[in-house]
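Naming follows writing order (A, B, C and D), and every chain is counted from residue 1.
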Amino acid sequence: MIVIMEENATEEQITKVVDRLVNEGFDIHRSTGARHTVLGAVGARMTDSREYELLEGVHEVVRVSSPYKLAARAFKPEGTKVKIKDVIIGGEKVVMMAGPCTLENREQIEAVAASVAKQGVQIMRGGAFKPRTSPYSFQGLGEQGLKMMREAADRHGLLTVSEIMDSTQIPMFIRYVDILQVGARNMQNFNLLKDLSKLDKPILLKRGPAATIEETLLSAEYIMSGGNHQVIICERGIKTFETYTRNTMDIAAIPVIKKLSHLPIVADPSHATGRRDKVPPMARAAVAAGADGLLIEVHNEPERALCDGAQSLLPEQFDKLMEQLRLIAPAVDRTI
Amino acid sequence: MIVIMEENATEEQITKVVDRLVNEGFDIHRSTGARHTVLGAVGARMTDSREYELLEGVHEVVRVSSPYKLAARAFKPEGTKVKIKDVIIGGEKVVMMAGPCTLENREQIEAVAASVAKQGVQIMRGGAFKPRTSPYSFQGLGEQGLKMMREAADRHGLLTVSEIMDSTQIPMFIRYVDILQVGARNMQNFNLLKDLSKLDKPILLKRGPAATIEETLLSAEYIMSGGNHQVIICERGIKTFETYTRNTMDIAAIPVIKKLSHLPIVADPSHATGRRDKVPPMARAAVAAGADGLLIEVHNEPERALCDGAQSLLPEQFDKLMEQLRLIAPAVDRTI
Amino acid sequence: MIVIMEENATEEQITKVVDRLVNEGFDIHRSTGARHTVLGAVGARMTDSREYELLEGVHEVVRVSSPYKLAARAFKPEGTKVKIKDVIIGGEKVVMMAGPCTLENREQIEAVAASVAKQGVQIMRGGAFKPRTSPYSFQGLGEQGLKMMREAADRHGLLTVSEIMDSTQIPMFIRYVDILQVGARNMQNFNLLKDLSKLDKPILLKRGPAATIEETLLSAEYIMSGGNHQVIICERGIKTFETYTRNTMDIAAIPVIKKLSHLPIVADPSHATGRRDKVPPMARAAVAAGADGLLIEVHNEPERALCDGAQSLLPEQFDKLMEQLRLIAPAVDRTI
Amino acid sequence: MIVIMEENATEEQITKVVDRLVNEGFDIHRSTGARHTVLGAVGARMTDSREYELLEGVHEVVRVSSPYKLAARAFKPEGTKVKIKDVIIGGEKVVMMAGPCTLENREQIEAVAASVAKQGVQIMRGGAFKPRTSPYSFQGLGEQGLKMMREAADRHGLLTVSEIMDSTQIPMFIRYVDILQVGARNMQNFNLLKDLSKLDKPILLKRGPAATIEETLLSAEYIMSGGNHQVIICERGIKTFETYTRNTMDIAAIPVIKKLSHLPIVADPSHATGRRDKVPPMARAAVAAGADGLLIEVHNEPERALCDGAQSLLPEQFDKLMEQLRLIAPAVDRTI
């Protein structure tokens, strides 16, 4: 922690800050510049830096250590590869995860599974429990849906990913699902994160709509600190003043997280934009920016979808997108 | 729902939209203006308006019904008063809720309870389970803390409010706590909201840092739709580009929610600003803008607080604030 | 400037950073902690701290000096009072500035001037050149308007404030207007700021909708650095994801700017909210938070206003607001 | 304009709204649904829709016509191509604009011009007048810089683009510069926009950091409404709560503006991110999302740049980026 004193701080004020730091067990390095005195406080203890900001004569306090350790790039400079059977997330291949927003019935699930498997998708996505903003919307098929998706996925050689809503669902999800997804609205549901940290299952952690990159990595740290290091980050847009798209997809977060962390990062253009016609350009942008994978909503009959049909691609639109992505991947030394 | 066609929409495009609306069970009113054709679609069914926005020739689609009903002012124009024993939230008196961020030990709890009770506070606040952004921070005293707060509150004739983290804690909270608080990060934890909707206990619902006013009222609707109409909204700041304060406190949300909804609204300047020296001005501003109550952190020794000491007022600062608030309340026809 | 190295930075990387800093003329203080090496760079020269962030092995770079000097509280700890005739902005009295958004005709100007003067307002506001978002909106009366406002103001013993659009208008404004207002959209029109810095006239500088507090104070610094120290800051709302109100009024900016700077700060609830019914609560909140003055739109016939009638108070609403503010002012040791 | 009445609006309230609309010259279409009465108001006159929102019994008012006409896609469905000599912006080829942030001296200008021309860049960028946030930063070479850039550009067969700061500079810019750039901070400097609207010169209009897409198109409309239809929009990032990058680049704005408007849209990843290492991924993303061109900062010695060196690419980094872009362009049916 570094404490920068005001230009006109008195010696007495400086001494008071130093004494308090020493009391808290810090070693102090003092530099006196032309205008400011700067105190470098070195020590292992965590403290609330804001408390020092409120002391008399203090101009600013800067935290030095990044608050996450296990999620930091330095912890594993070569990068994490999450492996599930023969699928590797964070490797050379950009991994496609596709499927309907909501699992609706056996026909829909089979139709979409067949269609995306044909296109080289490796992981099927589909929601069985839906976090709906309105209590009056369709809330999902539940366990029945997970089971149907598992069967369809197995028929087509796909892995599965689905959103878990709370800790009580863990045993059920472990039975049917390969990657447990933490939704954007649950990104700081710390009780859930702690329970997931005990599992030996990959977790796909979606960035919350108000979460900074640092807060997202701290949520990853929660999961890792319990022993589960198989975390995949997912960029899906943040809340901004621009409301034409549902959220503002922060494409720059992809290379930023690549630099700050060793964890793989994928992107979800379907939820970020909320509009089918904007999904292909943003999917292409994410791959061009270096994403390790994509999460895309595909529906065989989006006009009849029970949820978010407006952001689901038709199978033929998805086919065309795959063609475009195959052209882009080599530009970032990847395959798809 | 109102569908506004593009200026150059063809008759064929218009017919296609009309047919689809009719198929979905809507009655259609068509107006043809100088430039635009406008379709008014009347019907009870919920539909995804974005789906229509993607149709050829459509310029914009406007949802007419507000998505919340029970939380809307029209549902109870005279306003809701949440009554617990002799305390009324939403009445003429501005209700003060004060106490430490985190319950730490018996001495601290007793000291703060005594100090705030003396100042006319009616409800004691205190966290026993803390949603900490970092997994390495102090996580709270747990049930022991709730029990100690209950005892201290009873000694001083106070009610209590505390944050519940997930549904499994409901039986424990019901035993010790008068008002169950849903934290900002859990505002869209819909499973939790649904479980709370079955209780006969007041819920204090904090606005999420990325939640619009409409989304906040929809979360209130979740709780009300299960039968629990004792909901208190709490404004505590939103995420914006301004980072000097922890969040940007949206004081205007207070009169806006008063207009849109019949539910009481209180404000939490401690979490909104994150800095002790900014709490009194924002507390005064909230009351001046019409808040029904305040949630304020007070700590007898903030320098030693285990959590958020930097935003806790000293008892003497709280005393001074109360004096100021007593001067302001009459300007909005309230007492304190 | 402080350069914090990565945990695993090599000695070679550290040396490279030190050499570059020395070459740029900095004195270096090196502290080696348990995990990080920290370099304190002391020197007068301005440099681009981001350039160091890009060097190998660097974790973070922190700028120490605040980029504004003249606008900083330390430059004039007792606070600036802007005096114009017998009006003092930044003193004990909260200064009211009121009038129509747009000057429309002689009758309107006279009616509003008479009405606000009767209520103790000291400064009349009114726009003669309007920065309209749409080129098809009414663009203002021009010089004729300024002249009419001057005459009406003189009849009623009022000072005047009006928005200047560019440097070519300076001679005209000096003739008619007491306080030159820089609009939010011009807050970083640096050529204009430089020209205003040469004048001996008070400047009311509105915070831009995307401007941080620091950027706002840097714009004040531009005006001060040319010699004009009579700057009044004005908070009028920032752009956020909440769109119910036109902007989100950042009431906390009032006490924050009071702490960081010696300049007076006023608030404009009319432009911040864009809705007449939200102006009184936000005006009360601003005074309760410590604003040195208010800028309020008042119109004798808002339904016929040529611009922003929806946010103008009727004279009787303004009267009622003044009564409320007179009750609130003593809570912050002010009069009104 | 569509006025949606409250569910419990009285017949008297409805009549009052209708009367006022009729008085303002609107034709009214009334639909009465199960819950709401909806009034469709058809007419040519512009009115302030917020005024109606404040009437008793009104739930919401929706503006139907988009406020921009000339900039709307419907005005020129086939898309605008801005042609300057043999360069076409908005055609099949993605147009590269590259050069230093600031023009510094003859050697620098020549070195960069030679380097980018070799890579197939068609337009050289370079600032001669810099809008610096701090009054103490280097403010640019002025006319001398424009002249040197003109000569270097001519030697290498390049066109030029440079930022104009105010209307008084128009004659000078016309002499030396092919495309006049309006900076982000000037996007709503309406006096400047009006003066540019009289020219027969292409204008590159940067989106402001707090400007919605609609506001950006309204600023384009300002320029077009005076007769100058050669407008190029530029996405360069918006202000959000995420501060790791300087701004959050809104890549989705590219396909959105393509849909809403016929004007070409280019992207500036250098200013959007503010960090050299994030420029290539965001440049690739912008092209993958469909941008018509890129504006990139390149400097032969970025470590010595007088401004924004940290975001300038080295010539060899730019070469590598061009290779990547050539692979990506075919995915969106473009060349580069």
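In the analysis below, a contact is a pair of C-beta atoms (placed from the backbone, for glycine too) under 8 Å apart; a residue touches a chain by one contact, two chains touch by 3 or more.
Since the structure is predicted, the reported quantities are computational estimates derived from the model, not experimental observations.
Engineer: Count the C-beta pairs in contact for C-D and for B-D, then report the pair with the higher count.
Structural biologist: Most contacts of the two pairs: C-D.
Engineer: Please identify the chain with the largest separation between its CA centroid and the CA centroid of chain B.
Structural biologist: Most remote chain from chain B, centroid-wise, comes out as D.
Engineer: Could you give the separation in Å between the centres of chain C and chain D, each centre being the mean of its C-alpha atoms?
Structural biologist: About 26 Å separates the centre of chain C from that of chain D.
Engineer: Provide the C-alpha centroid distance between chain B and chain C, rounded to the nearest whole angstrom.
Structural biologist: 30
Engineer: Cα centroid separation between chain B and chain D, in whole Å?
Structural biologist: That pair's centroid distance is 38 Å.
Engineer: Residues of chain A that contact two or more other chains, please.
Structural biologist: Residue numbers touching two or more other chains: 210, 238-241, 243, 277.
Engineer: Quick one: in the complex, what on chain D touches chain B?
Structural biologist: 2, 4, 6-8, 27, 29, 31, 33-36, 38, 40, 42-44, 59-60, 62, 64-66, 74, 239-241, 243
Engineer: Residue numbers of chain D touching chain C in their complex, please.
Structural biologist: 46, 48, 50-51, 53-54, 67-68, 131-137, 165-168, 185-186, 188-192, 194, 208-210, 215, 218, 221-222, 225-226, 238-239, 274-277, 302-303, 305, 307-311
Engineer: Using the touch definition up top, name the residues of chain D that touch chain A in the complex.
Structural biologist: 210, 212-214, 238, 240-245, 248-256, 259, 272-273, 277-278, 281-282, 284-290, 324-325, 327-328, 330-332
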